[in-house]
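Here it is, the structure in full.
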């Protein structure tokens, strides 16, 4: 984290399994177009309920990545 | 989420296993008396410690459900 | 939680596996020097990314413990 | 606001028209079962988008009402 | 605080005397209909002024109670 | 917004009509004694309820104005 | 909101008329380049004052849209 | 709280006795120059320590009063 | 508060009597091992309920003290 | 900070040079009409950009001063 | 700030020298691809420590720029 | 930041010169007793005023350091 400039973007990933999986889903999608992702911050954890049960975990993550020179 | 009015209530579920389980415990209890639960928001994650280890995860969830006409 | 005075300290635990594991790592380290830990509060969930994937979950926990008389 | 005890509940009203209408929708529904509503606080303003336009305003209001003796 | 599910409700109690009294007023009213109240959190302290003096302390408390099985 | 010093004051305007009107009411009153008001920030939106309906919107605005040299 | 990943962006729309119009202005501009916008969250409401009156409402909205596979 | 415009100011009162007394001290001073004070909100409670004991409670209160026509 | 460096620690004191007493309890315990405490900030006020009444006030205070050279 | 009552006001100072200078600009202007300023708190740091560079730092400071008896 | 729509992005700039320099570094990088940057808001100030000293200031800035028609 | 556990402590450093210097003062004092400090977060910037001018900048920093195995 020395002389670089980073950009932060905000994504929402979802998963029927877990909070961790929802974060991974978001990162996997982001990795298709963004290189050099460095860190993330979980900002919000929500979810949808169907038939009285958790249908999806929906997690908002802020992802930081290096802007190339 | 069109023309309905929703009510939000705040519950605390607990689980010796995981944050996700604590949320599910809260929803399972709520489902006994509330129909039409639609979404939840995790508001606070705490827990009790016994003998230097996590004894229970305690998760505060806000649950939104449709108020019937 | 009756007549005692508690102290709260802030720790960051990390784990390649899960948020829960990162909390447990922090508590396990703290248990080496602190007795009478009673509760924790998850304050922040972050993580490092390597090769587009979660490398470590890093969870800030506030831990409360009894100050002995 | 003298010697009474008040309860606050949290509702989400929606309207295709305006923020004000979304609040009124929530209050109108609440008035069916709650007497003595006294004040409200707008907590969150969100909305759904369809075809690039606002489909519904969704406003979270906290409503305070007198608990009868 | 082991295997139970708790519900949190938000009340506003008032007192001409003190912040503590305003909390007690809210709890006394709640105790008429709610069993198993366990803890409270003071969320907001406000008050009304008459003739340049405090007429009432108005304290918003969140009360947590056990939902029975 | 170049070399000036600004002061911010906090006002509450009310209106039976709308949030916008409540802001305008506050600004109209402030304009009687303050020159050079430049911007405002809506900080809180509340209201009073009578007979189950919105009686007044009450909007807290922070107003910034230039302090003259 | 099932298996998709969403991105959130932050826009500021303005309008001389109303808060709602300022939001619509922001969405109309965004719709030129973004497909699949799903929801928005109003984050901040500010405005400019000229001659003691509201010249523009300026509303910061966070817009969520589906990232296509 | 009908058609008036209110101004909010922020004061810090102190007392060696209690939080309530610190608020009263602030209001008593304000009452010398401000008429029509209507409500207050406790924003921050701090204090000074001397010889390991509370020397003064210092309470920040926001006071709302009617601006006369 | 001139050239010193201060450390802040977070304590929870409790009292069956009052918020002020809970703060004093925390400071009295801290004074056993910490010299040069200078100020405190009340961060959170909670409490336990037994038989529908306040059993203990539990107040989280942040205490600042001078680090000796 | 013993028996006095303090008032807090909110100012915005600006400077093309630095955050510190923007604070000093605000205090210098305030010192023209306010005696007995005691402390300040930096609340917000913003700035204007021209030609891709910082044109002005704009810092919101809350200033506390003694109200004379 | 009249009829335009603005977009806000979040950047992290770093500098071994100062907070101001870290902001300038972020803006200089952004200026390579973004025209019409208008304002910034400092959101977070952090830094890395090496050998007990500040190695880099890392400042998160939100930058607002005009979206062209 | 891989497998370690970190502790965060909160310090207040002061300087008559600048915000950066106040942070450095706090770190220099902490370095006397703490090894392996890794990062800091600026949490609050305040200061004392004498004769209408900044006498000291007082900056609260949270410092994270590695707990040794």
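Read from first to last, the chains carry the letters A, B, C, D, E, F, G, H, I, J, K and L; within each, the first residue is number 1.
The rule is short, and it goes like this: a residue touches a chain if its C-beta (ideal position, glycine included) is under 8 Å from a C-beta of that chain, and two chains touch if they have at least 3 such contacts.
These numbers were taken from a predicted model, which means no experiment stands behind them.
When the partners of subunit B are compared with those of subunit J, no chain appears in both lists. Among the other chains, the CA centroid farthest from that of subunit C is the one of F. Between the CA-based centres of subunit A and subunit E the separation comes to 38 Å, rounded to the whole angstrom. Mean C-alpha position of subunit C lies 22 Å from that of subunit I.
Look at where the CA atoms of subunit J average out and do the same for subunit L: the two points lie 22 Å apart.
Residue numbers of subunit B whose C-beta contacts span two or more other chains: 9, 18-19, 30, 48.
Interchain contacts (touch definition given at top) occur between A-B, A-C, A-G, A-K, B-C, B-D, B-E, C-I, C-L, D-E, D-F, D-G, E-H, E-I, F-G, F-H, F-J, G-K, H-I, H-J, I-L, J-K, J-L, K-L. Those residues of subunit A that touch subunit G in the complex are listed here as 9-14, 25-26, 29-30, 48, 55-56, 58, 60.
Partner subunit C is touched in their complex by these residues of subunit B: 18-19, 44-49, 52-54, 57. Subunit K meets subunit G in the complex at residues 1-9, 62, 64, 67. The residues of subunit E lying in touch with subunit I in their complex are 18-20, 23-24, 27-28, 30-31, 37-42, 63.
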